[in-house]
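This report refers to the structure that appears directly beneath it.
Think of it as A, B, C and D in the order they're written, each chain with its own count starting at 1.
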Amino acid sequence: MDSMKRFVADFGLPRIIITLYLFALFFAAPFVGVNLPASISDTMIRIGMNGIMVLALVPMIQSGCGLNFGLSLGVIAGLLGATISIEMGFVGAWGFGAAILISQVFGAVFGYGYGKLLNRVKGGEMMIATYVGFSSVMIMSIAWLILPFKDPTMIWGYGGTGLRTTISVEGFWRHILDDFLVIQIGENFKFPTGAILVFAAMSFLIWVFFHLKIGTAITAVGSNPTYARASGINIDRMRIVSVMMSTMLGALGIIVFQQSFGFIQLYEGPLYMAFPAVAAILIGGAGVNKATLTNVFIGAALYQGILTMTPSIFNAVLKVDMSDVIRIIVSNGMILYALTRKTKVAK
Amino acid sequence: MTSRSLFQRSCVLLGFIALSVYLFYIGKGHMLLIDTNAVTINGKELRSPETIEVSIDGKPAESMGRAERILVLVGGPKHSITIEVLSGEDKTVEKQFTIPTFMDSAVVSVPAILGDAPPESWITTFTAPPVEEAPAEQMQHEQDTPEAAAQASPDATGAGQPKP
Amino acid sequence: MDSAEPILSLKGIGKSFYGNRVLADVSFDVGAGEIIGLVGENGAGKSTLMKILFGMPVISETGGFEGSIYFNGKEARFKTPFDALDAGIGMVHQEFSLIPGFTTTENILLNRESLNSSVLVDVFGPRISTLDRATMESRAKSAIAKLGVTLDPNMLIKEMPVGHKQFTEIARELCRENVKLIVLDEPTAVLTESEAEVLLSTLRLLASEGIAIIFISHRLREVVELCDRVVVLRDGHKIEDFPAKGSSTKQIASLMVGRSMEAQAKIDAASAARSTQSDSDARETILSVENLWVDMPGETVRNVNLSVKKGEIFGIGGLAGQGKLGIPNGIMGLSPAGGSVVLNGTPVELNAPRAALERNMAFVSEDRRGVGLLLDEGIDWNIAFTAMQVQNQFLKPILGGLFLWRSDAAMSNLAEEYIKLLEIKCTGPGQRAGNLSGGNQQKVCLAKAFALRPDVLFVSEPTRGIDIGAKHLVLDTLKKYNSEYGTTIVMVSSELEELRSVCDRIAIVYEGRIEGILPHTAPIEDFGILMAGADRDETTVALVGGN
Amino acid sequence: MSSKLRNFFIDNAVVILFVVLIAIAIPVSGLPGTFLMQEILTRLGRNTFLVIALLLPIMAGMGLNFGMVLGAMAGQLGLIFITDWNIVGIPGLLLAMIISLPISVFLGWLCGSIMNLAKGREMVTGFILAFFMNGLYMMVVLYAMGSIIPIMNPELLLSRGYGIRNVVGLDGVRQSLDTLIPLKIAGLNIPAFSFLIIAAVSYFIIWFRKTKIGQDMRAAGQDRAVSGAAGIPVEQTRILAIIISTVLAGIGQIIFLQNLGTINTTSSHEQIGMFSIAALLIGGASVTKASIPNVIVGVILFHLLFLVSPMAGKNLIGSGMLGEYFRQFVSYGVIALALVLYEWKRVTQENDSRATLRGGGAPAAKEAKGGAA
């Protein structure tokens, strides 16, 4: 009984409920006529789409900057990369590569400035990150209107000014990763090898990074900044590095997302991009200042699993689509839980 | 907590409940259909004059012919109706009437009022399906409020995420 | 001033925390209008005694106390500090407990405001009444009048000079209707000399009105000047209780720090045995500090000059809050500092921890959990991290040195080595530091410093909060390390005994300055006088006598 | 003294900035003065109450109450019920307020308790809590109403038979507060009664500050530890601040919606928190300090900006969306700015307060010469 209690305390009741809920959905699926292989395939595609965005949160959590609600900044960098690549007329792998390359440059610049700002407001990062993210999205919305883009697939046909709200990447690099080495089993099951491979590769890079001298230093900064300072670490620099990494990963993440989704969403699209990623990593077991790759994998799988399974099961059983409401409750409930829990490292 | 304050708190609570009931009573909205169709009361057929002007609770009057119906929205149980007869013998009749609280739509018969029929026969329940209203029109003149702006953006729902 | 019935009477008070005795059989009386000076070193039991008196929850949570308290002739066992306040005991704390954005009046009457009556009270409770500002101001004024000083009742606390804040606190205690006893904990510590003078005369005034006062202070001169009687606590026992009149600061100081004869003899013997090998005068200076100031909260260093000889164990002692802890924290760059620190003839950059570490200095902080450890990481990380970051140990270059890969195996080996050497009790190198006991945590901190192979090692409060066995091991390890590697050690401790048994020379810090430096063989009274901040003449005498 | 002047400028910099911005934008927008006057009067009547709801938590040191959205939800539930029961006019609005009251109190208590679990992170907690409760609110409004909670009027329901329609018209109560006392000055309609209500609630806030509990809130807001040691029930006081804020937000939302005349069931409440907070901050308030004048100035400036920026944008680059995005940027940006200033000031103040301890200056050195050793 005691070990049971400890398990509940360690793992957290909400997480247990979510896991059980997902299992229940999977068990129920065949009985209510939901196509299980298709659902699993869907889940895999979504993990490939969103995984890197979840991964992008790890560096900042590890360095003690908290949950990066300002991930939208990275998303903006990704959007800039994607649109500029299209404007330059690159297609296929070249276009995709160019998009990533350009987005990384923007990501680095944005991340540096953002990191500088966060260093001045230690302790209040999360709320400020949220609103800095929001206001940057709006600044960029103005920019999308007035930037001199010319490519006809991207600008409003006639009457309007500036870029369209959604731009199709069909004919550029739609599904370039999802279809790379794709494994098709039967009609309903498709394994997006490319996207998952890229996710795995990025995870590996992050793993490597946190085994390097600098990664170790960042972990120490997040664990106990005073200890790190007493060990001669420049805390502000480590935090900036982590914020830059997070922003750049966010930029990459949104491009991977777009190739699978098929569209680039401009204007207010990036506004709430950070929230699902934050919810996912918290569901995976991360805390406000401790996150591992396992948290990322479990979190992405559980969260995307719920997103895929909930609507299909509910539709089949109750003829009700409550998935939106359930998504809102689950993701924000999880964030709320993490915020109110007393963190192990005081501060 | 002293019993005195307990008592007073209970009084406040009861006061609120009583106020709610009272507000419900005086605020209940009704749809009145002012009707000039002929009615037969106690075997006597009552007809409306050719042209009249009707006003409820002192609102601007509307002119009505025979066999017409106009719709008036009112709140609360007690109302006054002013009927000015413009054809035949010129006269103005002002009467008070009460609508039962749970009668949502009521037909107010002008001939019955003018014909001095007993007050219970003035008002009858209306049971046809209610008239459809278009809310779209109300949206128009709120275009540049912050609220409208918020409604304009599809992703305004918290933690929204584009779905494929 | 004698009184037939004492206001407060403590009888046989004793207390132990988790089997660790901190107070034993303390009894004394306080009469009406009497001022008692309560003195003792840190850890002598003063604050525990006050916690018992005020019924702090921590006392009952740790098993209550022995003995009994009589207040106003009746036995009193206060369950919470509020009970004590209601009974008529006031407390003025060392830190100001004032609301900065409130006026003097608002602070004096905090949570005891005068209220206008209102019909809403019955429904919404008494807190819905508005404040009666006029009455409040007159109440505050009358409390201030009792002090015999002028305070603007409408001035904001944050705009006040420090002295006025202290008076506001006292006025707050006086403002209670039935206050009979006021306890002041180090009330003059933050005051200037002239402010302190005013405070003392205020206290005399209060006493003449029949209010009893317990005055806790390290400033012995003030104690002698102000108090009627002095109660000296040492190691949880009441040592003496005598009239202040006619006593001297020197006498009180030696009572405070004095040891039993056997212990003294043991220490003296130990020191004597070492004195042959620590003939330090001939050695070269490794570290010299000039005009050092350090802004460390609660441990401000104002102006420190000292030099440390190569290979010696240099002790820094002094009472809490005088600034001894600020010295290593300033030199190591952890707290903002200025002045000059010269190591081996080259100046050390201040305010840069890395620069200090790169000059081969290491520091074991007094704040183990806050500064010393990564509580969420394993022992291996804790020990190896600093050496890895500063000296690139435990790293393997990969891709031709482009990246430095952390070698978990090497870290683990190092941790194993120190676990064996320092007898760290743990499940293995991977155990989280947060789960270790205090003593073992301290050993991990030492290991972290040793892993740097420093030329100068600063150790701050190495034995604070650890058990006896671990204490010995830690001190022996330091001595062994000093003799084996010739490492210069600067040890900061509030335990004089410990300093005398380990160090060659001991500097005593008082009010952010070095009050004097004595050899470990100097008589204990001399240390006591330095610690109590005796005036300069006496210091000189003590120094001469000591040598 | 110069630092005081600097602080004064920093405190009012936001107001000055926006005044300048609007002074430039009004001529560019080309909107007539009477139109702007009329709109501002309407919006003052509509929004001021909601912004006032933010004041008490700021006083209690809990920052900007992003959780006020919870109150807005309660207000909307009240309005949905009276619309369903067809209670019209002032009685309808009063009844809606009474219905919202227990819901607001409960939600406020919940919000306050959760914020007590996350001391020092009240704002982000309230922000997320608002999203979370929005999920529950949607559950109630879109799924429970008409199925579990009886709704008599089929017109309110979605065609599927349960759940409230996206837009609920408030014809019965529409502007009944604003027009209760008809007042027209120089051709401008003035919502006199709404202004009276706002005056009343402003008086309430001022009076409340003078009560014992208001004093306790101020104390708890400045120093929790000292207040607790003095016997003030800090946690309870904080919860109360949030409860009152939530209740006021509920009433404010009802006043707001009666002026608009329609409820957007799933989204009317969502942005209310943000717009109210942005207005308050533009009025010169900060995370720790806010007053009634801040509210009035803020509502006027914020809504002027809202009115003129789309037209100004259109006239500048020919896109109305530019102004639309710009005003959203302003709302988010001013909150970000206020939060940054707040954290910044906190850090600077900590350093300033210790400045005297950092010796090193000449006096300390001189004194040292006489010192020992």
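Basically, a residue touches a chain if its C-beta (ideal position, glycine included) is under 8 Å from a C-beta of that chain, and two chains touch if they have at least 3 such contacts.
Worth saying up front: this structure is predicted, and the values here are computed from it rather than measured.
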item	value
Farthest-lying chain, centroid of Cα atoms versus that of subunit B	C
Chain pair, A-C or C-D, that carries the greater number of C-beta contacts	C-D
Innermost chain by mean C-alpha position	D
Euclidean distance of C-alpha centroids - subunit A vs subunit B, Å	54
Where subunit C and subunit D are represented by their mean Cα positions, the distance between them in whole Å	46
Whole-Å gap separating subunit B and subunit D, where each centre is the average of the chain's CA atoms	35
Numbers and ranges of subunit A residues touching at least 2 other chains	275, 324, 328, 332
Residues of subunit B touching at least two other chains	157-159
Multi-partner residues of subunit D (at least 2 other chains)	131, 134-135, 328
Complex interface listing, subunit D residues touching subunit B	43, 82, 85-92, 94-95, 98-99, 101, 130-131, 134-135, 155, 167-169, 171-172, 260-262, 264, 266-268, 270-272, 275, 306-307, 310, 324, 327-328, 331
Parts of subunit C lying in touch with subunit B, wherever the complex brings them together	121-123, 125
Residue numbers on subunit C that touch subunit A, as the complex places them	332, 334, 353-354, 356-358, 363, 365, 367, 370-377, 381, 385-386, 388-390, 392, 395, 403-406, 434
Contacting residues of subunit D [partner subunit C, same complex]	207, 210-213, 215-216, 218-219, 222-223, 225-227, 229-232, 354, 357-360, 364-365, 367-368, 370-373
Residues of subunit B defined as touching subunit D within the complex	16, 19-20, 23-24, 26-30, 73-76, 104, 130, 132-133, 135, 138-139, 142, 144-147, 149-152, 156-159
